[in-house]
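In structure tokens below, several structures.
What follows is chain A paired twice: with chain B in the first complex and chain C in the second.
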Partner chain A sequence: MSPKTDRRQASGAAPPRPPADAARADAVRTIATQYVGDRGPLLPILHSVLEHHGYIADDDIPVIAEVLNLSRADVHGVVSFYPDFRRTPPPAVRVVLCRGEACQSVGAEDLYAAARSAAARADDVEVGEVFCLGNCALGPSGVVNGQLRGRLTTADVLAPLHRRQR
Partner chain B sequence: MTTVWVPCDAAALSVGAEAVATALAAVEGVTVRRNGSRGLLWAEPLVEVETEHGRVGYPNVTPELVEEVLAGSAPSLGVVEEHPWFARQHRVTFVRVGRIEPTDIAAYRELGGFAGLSRALTLTPQQVVGEVTASGLRGRGGAGFPTGIKWETVRTAAADVKFVCCNADEGDSGTFADRMLIEGDPFSLIEGMAIAAYAVGASEGYVYLRSEYPHAVTTLRRAIDIAYAHGMLGESVAGSGHRFDLEVRVGAGAYICGEETSMLDSLEGKRGEVRAKPPIPALVGLFGRPTVVNNVLSLGTVPMILADGGTAYGALGTGRSRGTQVVQLAGNVARGGIVECDFGTPLRTVVEDFGGGTLSGRPLKAMQVGGPLGAYVPASHLDLPLDYEAFAEAGAMLGHGGVVLFDDTMDASAMARFAMEFCAKESCGKCTPCRIGSTRGVEVIDRIRRREDLEANVELLGSLCTTMTKGSLCAMGGLTPMPVQSALTHFPEDFGLAAEGSRT
Partner chain C sequence: MTLIVEPDYGTPAVRGGADARVTIDGREITVPAGTSVLRAAKEAGIDIPKLCATDSLKAFGSCRLCLVEVEGARGTPASCTTPCADGMVVSTQSEQVVEVRRGVMELYLSDHPTSCAGCARGNCEMQDLAHQVGVDTVRYGLGGVSHLAEPADTTNPYFAYEPSACIVCSRCVRACGEIQGTFALTVQGRGFDSRITPGGTDFLSSECVSCGACVQACPTDALTEKSVIDLGMPSRSVLTTCAYCGVGCSFKAEVRGSGSESRVVRMMPWKDGGANEGHSCVKGRFAYGYASHRDRQLHPMVRDTIGEEWRVVSWDEAIRRVAEGFRSLQGRFGAGAIGAISSSRCTNEEVYVVQKMVRAAFGNNNVDTCARVCHSPTGFGLGQAFGTSAGTQDFASVDDCDVILLVGANPTDAHPVFASRMKRRLREGARIIVADPRRIDLVRSPHVEAAHHLPVRPGTNVAFVNAMAHVIVTEGLHDVDFLRERCEDASDYLTFIAGAEHSPEATADVTGIPAEELRAAARLYATGGNAGIYYGLGVTEHSQGSTMVMGLANLAMLTGNLGREGVGVNPLRGQNNVQGSCDMGSFPHELPGYRHVSREDVRAIYDDLWGVRISPHPGLRIPNMFDSAVGGTFKGLFVQGEDIAQSDPNTAHVESALKSMELVVVQDLFLNETARFAHVFLPGTSFLEKDGTFTNAERRINRVRPVMPSPTGKDEWEIVCDIATAMGYPMSYAQPSEIMAEIASTTPTFAGVSFERLDAEGSMQWPVNDAAPHGTPTMHIGQFVRGLGHLATTHYVPTTEVTGHRYPLVLTTGRILSQYNVGAQTRRTANSTWHPQDILEIHPADAEPRGISSGDVVELTSRVGSTHLTAEVSERMPPGVVYTTFHHPVTGANVVTTENSDWATNCPEYKVTAVQVTVVTETVRAAYEESVATATGSVR
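Right after this comes the complex of A and B.
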């Protein structure tokens, strides 16, 4: 029995339930183990899980915590702090629009409102906000299915959403 | 055989540069090379064709225009480096951006790269810090703290290990110079960090780069690999025997991580919460060790300072603002992009001569200078010189040099509300004035916008702003009142108040 398990039992905390997807848990453990000797490895691990699995599942958290010898609360706290670490599988169509001041000066708020309302009538799509993509001279800017786009028009944004309309 | 240049900068890609590059590459006898952006973002995709007179630029090229570009019959800017928009600038930090392939280390060296590092390694660390102090370089991230003083603090601190961290979490709306320098000339940042490491005795470095900049991440990682392969990083930097290892760490979408102490916590793998100062990061920084934290442009300028000497750089500029300012023209602007000029240049020159006024063609109402925490400067203040102190005196800040233009359709009360909303969304939550004050700020401004009990709510907003300014742990809560109160001061009519003198 490792010293870590001793401490958990002494504190009365319940051990984590076994992961529902054992294969994923193994894959996540492999990722986490690769970074274990680095300084401050948690963010690189989470980015790698995101890259390979699309999102951070609840069951990933105790696995990463165990590898790094952190508490589940510590890992959960970090995951929930950063907007990038999404907790659900990504949708088929994802549009992220910039709402920064520079993009607002060229109509980003109307664009965002139009996209949100179109998304409400479509399946498996997501319209998100971001506060600067560093493309401020060519706004309104956004990321449409992973591609950075500038000088966006309403048609550019609505086309991929309308294709998934209910 | 024709050689053409098509930028691989993210801004150029965002308006179709990749399709243009593909179309050009399909033409027989054409060699396509990829450069960073020249900074004429209004002309992107800007294709340059090599001729005996120089590289001739063709603006806003589409795949359909490729034949005309190659025949020389498409609308042209002439030789790009002779075009007034480019020729009137004074490129120092951005001297190589757009001229070379970003990860071509031989081209970097040919255009003066590594001269600063070579010279630095012939000096003592103390002399290197002395050069930076003599240059008068101030932190380009926004606060404008003298870089030499920061370095001297780290240099004289005793520790088993010291770090150099580059803050590349450029989250301010209206700023993109860090991104363009990394995507266009990444070796200048690597060289600057190597010089900083030698000067302060650091052996490890990190670049904290935001996840919203995936192209910059790829380019910088490739450049670091190449620098290792050429012995410019690693166990003996340029054969000096001094070890310096450098790594890119990617942020995760939190604006607050651009605040230096929150960035350090994030690098340590924690929530990006702000630390109380003191202790300052120069003494107790990353993992509790003495740490240099500098902005991309500060570090990217260091190689030139060391190559040409600190006094040469210090001869540029005005007053206590030495050197050049990389202005980023953005928002509702006809010709946006990078304008690098000496400190002291009037705002009007940048906005009117370079920017050409608003994109919409409507009258200019205001400019937000220095990012989302910067003041709204009315069009009547266009004669302000680009100078840290002059801006501070006018109740504004130069910050990172972002200038966002707004036409007369802007509603200043909506922008003030947005400033509070942004703070509420991006606050790290550690201190109360910022976490709670921002949400209360949105509510008060909403009441003002509905004209409910106007005078009382305006007074309440003033009191709330004072609390946030004086009580917040960092610039996020501390400066959010700046856009709010400048909007109220300069555009009271947008808040339902009489224009002049009715408020005290």
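Right after this comes the complex of A and C.
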């Protein structure tokens, strides 16, 4: 039989198991360490990891938990609460469209349907939804590759998707 | 007896505070202000429906069922989060409340299995509430999106998670955090997608330590003991006491069937238990299956030589052989040629009769106990300092600690339920100083971080404690008034300790503790408010164990940290009844109540009662017994429930001693390692069959009540009485309560103890006498038991066990959470899932030059022996120190430990052994892994 060590060794005070990507773990640890001592450091850390690495990897969670002296479950719970803390590498094109009432009233639903349908025929793209970006006066609103956009037209939305068409 | 259902008041009791008089549904009740309306209602006899509230957890206010109306307030607030204020008028059953509550309940039921018949528990709080609230149909239908098809998680060996029944009330998440302090559970996602998860993985791979708090807290069938799923719900409860560590948790053994057909369905921690207050750990809660394991021996057996097969015989024949054999040895080799070792696993009553048998029937004082090898220095050291061989506080005292000094103890593994209490206090803001070579969990683990970790090098404790005292005295932080009023003249000690050779700077090279860190820790201990010392075998199991205990007592006296709550000097006792077995006169020099055998007045009490003349000379200690056996003068030994061949140091020496004896009698549940050398085996009883008392680390005497009759046909105290009687000294009791009556009548500290009183009070902490009829939670208030406290001069004498070229590393040993001591019990349960073999922890700096990686099988060698085990490279260890547990006979870690022992008590120096570690060949590795696999397979 293969030796099994006590499972608790992998938790708590013990250092986390070496993640698959040691360089990334070091980078995430560096980010997390910068916020130690701040009040409520977890969300800023997650935002920073997202900014620098595009997503929160499974192996980031024990690293952040260790730095902040939280349980892995604590960190997992927070990460999973916010859909923006994506868990997989982002696609080449990511469009998030507002489907709130104000944008609906200026054609957001048609725009959303068209985008979804274009995305289905493209590779490495993602179309998501959001309910109000606070940009109601300039609807339909959305976020295209991280940039907030107003007065979106079908062309604005479809052009980047079409470029990834199969 | 029927199944005990404890009332649930919904929110915790509020301590103190002004009174608030409230009117709930027309009933008036007065409660401490701040008490929740929910709790006040329950106290007034009004049940408000609730799901997310339970009285072991803080109010959460999420289920929206306990809504009420309050006169003059708007809306329908949740009663669990609404504190009572004087004059409040509450209605729990108004039309609006009933309507809203029914609507909420309908929503719950729309995403919950419809048939209660499919549930293992057969009933749950959900079901009760559906009836109470009056919901029989769900308007929304049951065909919508739901979580009903989610797969169960059955990875934990003891409980299953059935998400379809989960209502996401968060009770489990909060129990894991607030009560256990592990924080292994969380709510994943949000809104409808919210699910309970052990951190996004399965239970077995998670941070869960399987304490069972979540299962206990769950109001539905979502978290359920697998034993309930397999056996069905229990039908009756028996209140009893756990038989693992010295915390002594109270449990309800929940049972199906009666008499010899009784089957334990589950062990539920008892909310009114003085030691545990409703909490448990993986051992007490789940690891009781050994009692019905197929390895359990139920018949007496004999053999003429240890090379022969065992032969089952009648009780009469077995007892006759023991009695005749012992008498014959005494005839040939003298009265002192035989003796007994009593067990800290057995009840006070069982231990008392063993020492009585030795003193009255054997006619000598050759009785010792396994406390010899763990806390004998505690008995001696605290006796010298304070006049009592026991800890000074109750466990609840830690709730008032501002500073905790933890020395040589690892409570999260060895005393988990107390550790949870300690961690709760730390999360409230108390600070902890950890003195331990390892980075144990309390140094840093989720939500807990030590103020100081002092990585004291094994064997240098006294230098460390002297440096602490030196800082306190030379910086003027000591409590001069306390020393003057409460202690003997301490000037010699103060002069001694102020010597520059004790300064942290002078001792840093010896102890390995940076001087500034030690100074900061000493200042914190002396000035941080109430400071409590907690310590374990890392203090006692050294050549200067007794000196170190006195050194800790000195620290407490120097700073006035004695005689009130939140302070004191507290040994964390290893075994369920190690305190009790010492109290009962198990040592060769002491009669019950720690009274020396040379005291004529004390001997007279027993001489008169027993009709014998007790020898005024102390008998043999365990190591003396072994030495005399090898020397040919000690020939017969009765061993009660202790596996000396695995647990005592220097296994080769122990084995040669056992082989030298002509009659070794083992009384145990299993054919343990010691039984390999025995001539007579007497089957013992498990805690589920015992009737008696255990005394825990806080001197709390708890009742142990039988769940089922002894399957061997005899109780253990009865066997001992039979042997004494067969030897010509008639001993008999109708029942164990008569033994306790004899103890109480002869031992002043137990004067007020009886089974009747214990049954009425729940539990009592000795001394129990006229001055303290309900027991004594905190000792030494106003004055010490010995009058004035004694500050002993504590010279540091280095151990002779030193590292060198051949053995360059120091080995120290300890326990792990899931296993217990030699593992005779826990290895015969699913606890081995977590820890199937002993692991050697080694620092990377020591591993790398030896070519050792985690998972390698290594050879561990000391000057007395060598063994094999699997290595884990870990930065928990300091360089130069390796660590392992002693749970598994395949490794038998005590093969390498030495004969060194405490100067005063002979407690073995388990914690310091010079060793070498080397990687083994592929052939040896294969053989080792084969033997682990065989051992694991044979005990499952």
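Everything below uses one rule, namely that the second predicted complex is superposed on the first by the 149 of 166 C-alpha atoms of A that agree within 3 Å, B and C clash if a C-alpha of one lies under 4 Å from a C-alpha of the other, contacts with A are read in each partner's own complex, and residues count from 1 in each chain.
Here, contacts are C-beta pairs under 8 Å (C-beta built on N, C-alpha and C of every residue); 3 or more make two chains touch, one makes a residue touch a chain.
Not measured: the values here are computed from a predicted model.
A.B. asks: Please name the chain, chain B or chain C, that touches the greater number of residues in chain A.
C.D. replies: Between chain B and chain C, the winner on chain A residue contacts is B.
A.B. asks: Would you sort A:Phe81 into first (chain B), second (chain C), both or neither based on which partner it touches?
C.D. replies: Both chain B and chain C are touched by A:Phe81.
A.B. asks: Just chain B (first), just chain C (second), both, or neither: which does A:Ala23 touch?
C.D. replies: Once the two structures are laid over each other on A, A:Ala23 reaches no partner at all.
A.B. asks: Is A:Ser71 touching the first partner chain B, the second partner chain C, both, or neither of them?
C.D. replies: second
A.B. asks: Considering only the touch criterion stated at the top, classify A:Ala155 as touching first (chain B), second (chain C), both, or neither.
C.D. replies: In the superposed model, A:Ala155 contacts neither chain B nor chain C.
A.B. asks: Find the residues of chain A that appear in the contact set with chain B and again in the contact set with chain C.
C.D. replies: 77, 81
A.B. asks: In their complex, what parts of chain B are in touch with chain A?
C.D. replies: Of all residues in chain B, those touching chain A are 10-11, 13-15, 41-42, 44, 170-176, 178-179, 204, 211-213, 215, 249-255, 266-272, 287, 328-333, 336-337, 359-360, 368, 372, 402, 404-407, 410, 415, 418, 422, 425-426.
A.B. asks: Okay, in this complex, where on chain A does chain B touch?
C.D. replies: 39-44, 46-47, 77-78, 81-85, 98, 100-106, 130-139, 141, 148-151
A.B. asks: Would you tell me which residues of chain C are touching chain A in their complex?
C.D. replies: 182-190, 197-200, 204-207, 209, 439-441, 443-449, 816-818, 834-837, 839, 854-855, 857, 870, 872, 874-876, 929, 932-933, 936
A.B. asks: How about chain A: which of its residues touch chain C in the complex?
C.D. replies: 1-9, 11-15, 58, 61, 65, 69-74, 76-77, 80-81
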